[in-house]
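What follows is chain A paired twice: with chain B in the first complex and chain C in the second.
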Partner chain A sequence: MLQELGLVYALLGAALSALLAGCGSAIGVGIAGQAASGVVTEDPSKFAKVLLLQLLPGTQGIYGLLVGFITLSGIGVLGGDPKEVTVKTGLLILAACLPIGVVGLISGRAQGQTSAAAIGIVAKKPDQFGKAMLFPAMVETYAILALLISILAVTAVLPK
Partner chain B sequence: MAVLKMQRISICALKKDRKAILEKVQNLGVLEINFHGVDDDTFEKMDTAYQSSGFAKNATQAETALGVLDTYAPQKTSMLASLAGKDLVEEKDFLDVIARMGDITETANRIISAGKEITEQRAAVVKLENQVEALKPWVSLDIPMNSQGTLKSKVFIGTLPPESTAQTVYEAVENGIDIDVNVISTDKDALYLSIICLRKDESKVEEALRAVGFTRTSQLTHRTPADKIERLQQTIEKTEKHIAALEEKIRKEAENRTDLKRLSDYFRMRSAKYDVLGKLPQSKTTFVLSGYIPEKAVGLIESEIGNRFDCALDIEEISDDEDMPTVLENNGFSENYEGIVESYGLPQKGEFDPTTIMSFFYVFFFGLMLSDAAYGAILFLACFIIVKKYPRMSKGMQKSLKMFMYCGISTMVWGILLGGYFGDVVSVVARVFFHKENVSIPPVWFEPLKDPMKMLVFSMLFGVIHLFTGLGIKGYICLRDKKYLDFFCDCILWFVFLIGLLLMLLPSGIFRSMSNMNIVFPPAVNTLAKWLAIAGAAGIVLMSGRSSKNFGLRIALGAYDLYNVTGWLSDVLSYSRLLALGLATGVIASVINQMASMFGDSVLGVILFIAIFIFGQLFNLAINLLGAYVHTNRLQFVEFFGKFYEGGGRNFEPFVTNTKYIDVKEER
Partner chain C sequence: MSETYAYAVARVRALEVGLLTNALIDQLIACRDYPASIQFLTEKGWGDSDTPLEAEAILGREEEKIWEVVKELAVDKEYFKVLSYPKLFHNLKAAIKEICTEEKHPHLFYDDAEIPGDTMLELIREKEFFKLPAVMQKCAQEAFETLLHTRDGQLCDIIIDRAALDAVYEAGKSSNEKIIKDYAESVVAVADIRIAVRAAKTGKTLDFLKRALAPCESISVDALAKAAGSGVDSLREYLSGTAYAEGAQALMVSPSAFERWCDNRVIETIKPQKYQSFTIGPVIAYVIARQNEIKTVRIVLSGKQNMLSEESIRERVREMYV
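== the complex of A and B ==
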């Protein structure tokens, strides 16, 4: 019974990383999408540019998926032949999944707001697209750092 | 790799050559017209606002006509058509269009008026349809809508509020008065009815009706409603036929589209020329043209204008108080990255052009972030084919595509080194469809997912090289400007300090546990490292605040500058994104492969595999392309440029033939 609990914890970690980071991206892309729609009603020719900016907060969800996937394949759930995961390992995996989950949720939202503001730049000064793109990318740095720690931690604690 | 040296050229020539010279300059497109300090009573400026706006108006007219054509006779354009660039037109064809200017303008007018008429007729149809709608409730009434009755009888046609019925009317009228109420129809807005009574009771009935909210109909026609509706519908049909005829007429004019485009461009060119003409100082028989020109184009102006016309050419250095534009010149590979520098900001006057050095790092980092051989091949081939297929696309677009083409090559190389081919598609296909385990293309170097720490260390190593290059460029700029003290304090001392710190870090326990690399230096190197770091730190504390006279403040400023070492730490950590994005590409590609292979080894399974594979991999390519682009830019802009580059220069805007649709081929 206890053995199986380890697998539950590990799966919870994988779920949380995809779930929280995915929520963050959904919120972020949503916020940016509203601003983008506003710009496109005024000037449809800016569609491609604002679409790129809208997509920027979408990466957190992908990072969450990434960690979730590494975890799932590491504990053998994907192959249909789960490995034995002790409670301790399970909890370790859960902890390792948390950085990208939580940071993904919060940074996704923040990046969405920054993207919306950057879309404002493109609306008024389309030639400043390069600079506008950089502000949301700044926020993403912290999602990348969290992803890094999650990946390093997960790969280190997964059962061999 | 340079910012081109700019000079000011002034041409003073005879007025009779004015048109020819202006056209020549416009064709050469190397001169940005700008007057600086030409204030002289002998010269005056021509007022050309009228001509300029006249031509602009003509251009707009042609544009409007083209807009109408696009609405009613849309051209089929593929997605890539916008890449094709402007059409190249023989000069004689262009002159032919100018000769037929009157006819073409007339065509434009015809198209515009037909377009206007369609709009008006459409509005008329809407109005008629509203009338039909209003008459529809009355359709079963078989007397004309404006009937008043006969000699002895009176008829009221109108509506009551929707909740009323025929009974309402009977109750409202006093006893002893005979009326006949016919309900014609009813809907949620009203009860439609006609009421007949004797002439003598007319006023009493009318009063009673008013009391229950009766309104006479506003549809006063001498025909029965059914007849009227029929007639209205005939009019609508006729109008619609007319609209169709007009649309057909416009469609027939579609063959004039090319002419209209050419004429529109002709007017645009003329308008621009008059704009410039208005800026030129002119005397009775001469005029002056002045502006910025790249030094190497001076010879061109001398041979094309100086030797052909009677004129005086004056070339001078640009004075310090002028806002001079920037032109970059780079080798065939690096020039494609000028757009990246431009989006950050062109070099200011006297600043170093970072394009060439940046371009190599750009390709290197971009490839590392995408790092999939198949994606690289797709990117390379797509850009290569488009560039070859549309040789006349705009210069900026061509540069961007070439930039991604080179990035595609780098991506391919990294993909081979790190073993990514659509993620792990080879082993997935081998396992699911050929039932062979452990088939894969081995990476030439190593697989990052198996050893992420190793990749992290290398990412940071690349980062340190990138950052040190930036600091080195800063040193070079100091040397070039002969600021030797700055070179020593801001560059050398930092190098000494940072290298000392690095040498101390490498043999330490932290690094060993991180990278599993055990580096042991001889004790002499360890001591050297310690002293380098101490000497560097001391130097920075002492020298950074050298602009301040107050010794205490100077030390404080120095100490604060030393604190920048945390900035260096975060800069280096920032390169961990090379690992993270590289992993993201590979892992998501694997997820897609896994999903695609879920349906097993069957005919349906193969079909589903191919469908999911293509869609998913394209999605992954797109999203990671965006990520690699954004984050490579960031590494250049924030980490690299932050060390030495400021930007903020102004783009060179030469006087050129600024056309929208065509380029005129010059006859030499």
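== the complex of A and C ==
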């Protein structure tokens, strides 16, 4: 029973990394998408530029998926032969998955808001697209840092 | 932070590109004559392909376009109440005067007001004041009875104008949106200053001023009335010590420079909305900016029709939002 509990914790970690980061991205892309729609309603020629800005908050979901995938693969669930995971290891994996989950959720929304504001720049000054892109890209830094920690931690604590 | 208005604000940002800038207004003023100005405006997309090439038709169509956009943005109309009062109270004033004096002036009414001319006339004729919006009922009855008994048109105007200012101020105070609060405060304060200046020039009594001026936060109505009662110089001195010191300077330049400052002061209030991304502020600011733009174009076209010099037209044009 205790051995199964370790596996449950590990799975919970994988689920949370994909779930929270995915939610963050969905919210962020949604916010930026509303703003992008507003601009394209008036000026369809800006579609490509605003689409790029809308997609920026989508990366957190991918990061969450990546960590989740590494975790599932590491505990053998993907291969159909789950490894033996102790409660301690399971909790360690859960903790390792949290950075990208939590940071992905928060940064996804924040990046969506910044992208929406940047879409406002593109609406008025399309020639400033490069600068407008930098603002939401800054938020990405923290999602990447969280991804790095999650990958390092997960790979370090996965059962050999 | 609410993202409710992300679509509306982004669309407004795209629409702001089409607003006339100060440079374009300069080009409009520099047009050879009235037909050339109309041509310039149609090239900038003013009016529609089937709109007659006349100032009022084009400007009327542009006013309609503002509300078409607002309707498409699906923004609660309650936010625009503060902007609707001037036309609504104007219709009330015109209806009361038409009923009491029995002179017909159908072109004096705004048809795009909350209560159009015909309905307003019917309500006043039948004395159904209770059917008017709550903010109008008391002043409508008072103004109607005053004009009927005293035949004093100016007193009737004061009653309605004061009620309009009070309604704008109340709408601002009760709103949760900062832009509506700031706009209402600015509109009422500037209107008070405008009334005080006119009263000072025509030597009105302190009682008149106290009745006409609407209280607001940024200016002391009592001090303003007292200063205006003592003449233009003391009014200018009083204004110099308030947040409206630039108005005192404009007053020294010319009457049209002062009128220009009055409208510019309101536009200054909404300018910070250019940097907001998620509030209703930019949408309201866009509507105010468009109305200001139409007003400015009307001034320029009127100047062109009356063969005014470029310089005297330029003195009257308002500051643009973008």
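Here is the rule we go by: the second predicted complex is superposed on the first by the 160 of 160 C-alpha atoms of A that agree within 3 Å, B and C clash if a C-alpha of one lies under 4 Å from a C-alpha of the other, contacts with A are read in each partner's own complex, and residues count from 1 in each chain.
Here, a contact is a pair of C-beta atoms (placed from the backbone, for glycine too) under 8 Å apart; a residue touches a chain by one contact, two chains touch by 3 or more.
Model, not experiment: these values are computed from the prediction.
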Which term applies to chain B and chain C once both are placed on chain A by superposition, clash or fit? fit
Regarding the shared-chain residue A:Ala35, is it in contact with chain B (first), chain C (second), both, or neither? second
Which holds for A:Ile70: it touches chain B only (first), chain C only (second), both, or neither? first
Is A:Ile119 touching the first partner chain B, the second partner chain C, both, or neither of them? second
Look at the residues of chain A and decide whether chain B or chain C touches more of them. B
With the two structures laid over each other on chain A, which partner does A:Leu55 touch: chain B (first), chain C (second), both, or neither? first
Angle at chain A, chain B to chain C, CA centres, as a multiple of 10°? 50
In the superposed arrangement, which partner chain does A:Asp43 touch: chain B (first), chain C (second), both, or neither? second
Across the superposed arrangement, the tightest C-alpha approach of chain B to chain C, in Å, is 9
Identify the overlap between the chain B-contacting and the chain C-contacting residues of chain A. none
Chain A contact footprint on chain C (complex, rising order): 1, 3, 6-17, 277-278
Taking the complex as given, what residues does chain A use to touch chain B? 52, 55-56, 58-59, 62-63, 65-66, 69-70, 78, 128-131, 133-134, 137-138, 140-141, 144-145, 147-148, 151-152, 155
List the residues on chain B that touch chain A in their complex, please. 340, 342-344, 449, 452-453, 456, 573-574, 576-577, 579-581, 583-584, 587-588, 590-591, 594, 623, 626-627, 630-631, 633-634, 637-638
Any idea which chain A residues touch chain C in the complex? 31-32, 34-39, 41-43, 46, 112-113, 116-117, 119-120, 123-124
